[in-house]
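One chain, chain A, appears in both complexes that follow, with chain B as partner in the first and chain C in the second.
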Partner chain A sequence: MEQLINEIKLKLIDALNLDGMTPADIDDHAPLFGDEGLGLDSIDVLELIVLLERNYGIRLANPQEGKKVFQSVAVMADYVAANRTK
Partner chain B sequence: MLTIKRFASIPCGTDLTALYRATVGDYPKFFKMDTACKLGFLLAEQLADEPRFTPREDRAVLMFSTCGSLCNDRHYEETVREFPSPSLFVYTLPNIITGEIAIRNKYEGETSAYVMERFDPETFVALVEQAFQDSVTASALCGWVDCRADDDYTAFAFLVERGGNGKEFNVDNLYGTVNQ
Partner chain C sequence: MQRTLIRLFRILPLGALYGCMALVIPFYMLFAKGFKASYGFYRKRMGYGPVKSFFHVYRNEFAFGQVVLDRFAAYAGKKFDMEVPRMDLFRELCDGEGGFIQLSSHVGSYEMVGYSLVSPKPINALVFAGETATVMQNRALLFGATNVRMVPVSEDLSHIFALNNALADGEIASLPGDRVFGSKKTVQCRFFGEPAPFPAGPFTLAAQRGAPILVVFVMKEGRRRYKVLLERLPEPEGTIRQEQVQFLADAYASVLEAVVRRYPDQWYNFYDFWE
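And now, the complex of A and B:
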């Protein structure tokens, strides 16, 4: 799981153009959205949805599902591990 | 009379991420910003007053450049062929620098972004003076952030206030301060 978490962090940094950020800057359990965590906003959700589909074959059809899945990198990793098709 | 309270500049070639880590470090949104916004953000950090983050309607933010958001526009254009990047798209507006500064610092006064043909101190000073024509504005963060490419930019800013003990904010002192 640790390897998957690190992989997702690298893909997040790349997809969201977080220039200069390293995986070490992202707390596994910090919220991805809002001022408390990574500071992502609703615009970034689109990038995250594409990231899941492209890299792991996961299609999020229900926006409500996204709210749960994108809570933190750790939650994303759990969801990817359980639902990935590639 | 308007006076210069503080001045800050960022030399071209500065490692902006290292500067952020050394002087700020607690605002992850920084990493999302394009280079022009990073420059504006870091200048504003250097010019900020204590106590920080107190909402204030009396501070205006004015940013000037020749390039606007052109540098990031190019990055965005590169993504259009495959998947247009929403996270880059949001930085394809010159006035996003003033927005990022205002949000971070809770500056609730007027914000404006000007794209000029060239650096023109007379117009720069005149537009800053104009921002003080209302009855609310007591100070203004005004800067020249001209980001021609990620590694080719000019970036400096003044904190200008009504009254104060600093040098008068005029064309001569603007030139003198920038060329120090």
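And now, the complex of A and C:
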């Protein structure tokens, strides 16, 4: 799981263009959206949806799923581990 | 109220309605919030003198009024001539496997598009939330068929999922390229010689999904005549997302500028676009 968390962080940094950040700078449990944590917005959600689809074959079809999955990097990793098709 | 208006439009000739409007506009110009922005646009961006600029503000308001009246007239069943010189661009995208993005602008009258661009692919049109149900229904009618879905911008980000699903399923996503709403992220592009903020959303969506962008302008050419101008943006250059988004936004800004220069009275962004 550690490895998957790290991999997801690297993909996040790349996809969201978080210049100068390293995986160590992202707290596994910090919220991805809102004022705390990474403070991502709606365009970033799109980036995350595409990231899951392209890399892990997971298609999130509605905001309820998104809300559940995009809570934190740790939650994302759990979800990916359980649902990945590639 | 809107239903009564539509009934009125069935009875009255369009010319009479335009005439009434011509009389009302000077009063409107005096009090409207957008006067300064509109005047500034003709003075500073188009480089017109003060008198000419004032005259164009009038023409601009008049043209905008016509567009609104035409829309109601169309709801009421009046017919307009729609010419589409580059229909092949639309056909090609419709015949292709994948989805594409139809980019609208606050120029001309995009909503008349349904009369001419009829597609077998469902259209998912991003709209402001909070518009009245009648406006929504009429819009759906205008867009021509039963295969139009209105996607309101929503707090819960359901619009993001809807647009993503649309493109993933080979459908059309329609969104405005010249208005920042939803995400606040912008891209600065050279527009009339100076940087102006364009929304990052539509161009990011295109770059992420690798979806082609078709820019659509529906320009009023005569009392009962519209011309639909289509332009397909080139594939984005650049390896990182930001570069691709900048490339697409720049390409759009330059297409938009060319059309606005050709139809300066049909530019309907009544605020300082460069701020």
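Rule of thumb we're sticking to: the second predicted complex is superposed on the first by the 86 of 86 C-alpha atoms of A that agree within 3 Å, B and C clash if a C-alpha of one lies under 4 Å from a C-alpha of the other, contacts with A are read in each partner's own complex, and residues count from 1 in each chain.
Going forward, a residue touches a chain if its C-beta (ideal position, glycine included) is under 8 Å from a C-beta of that chain, and two chains touch if they have at least 3 such contacts.
All values reported here derive from a predicted model rather than from experimental measurement.
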item	value
Room on chain A for both chain B and chain C (clash or fit)	clash
First, second, both or neither for A:75, with chain B first and chain C second	neither
Which superposed partner A:25 touches (first chain B, second chain C, both, neither)	first
Partner chain in contact with A:4 - chain B first, chain C second, else both or neither	neither
Touching partner for A:59 - first (chain B), second (chain C), both, neither	second
First (chain B), second (chain C), both or neither touched by A:47	both
Single chain C stretch clashing with chain B - from 39-47, 219-227, 237-245 or 255-263	237-245
Residues of chain A that lie at the interface with chain B and also at the interface with chain C	15, 17, 43, 46-47, 50
Chain A partner contacts - residues on chain C that touch it in the complex	156-161, 163-165, 168, 182-185, 200-201, 204-205, 208-209, 240-242
Chain A - residues contacting chain C, complex	15, 17, 41-43, 45-47, 49-50, 53, 59-63, 66-67
Partner chain A, residues of chain B touching it in the complex	16-17, 20, 27-29, 31-32, 75, 83, 85-90
Interface residues, chain A side, partner chain B - complex	15-21, 25, 37-40, 43-44, 46-47, 50
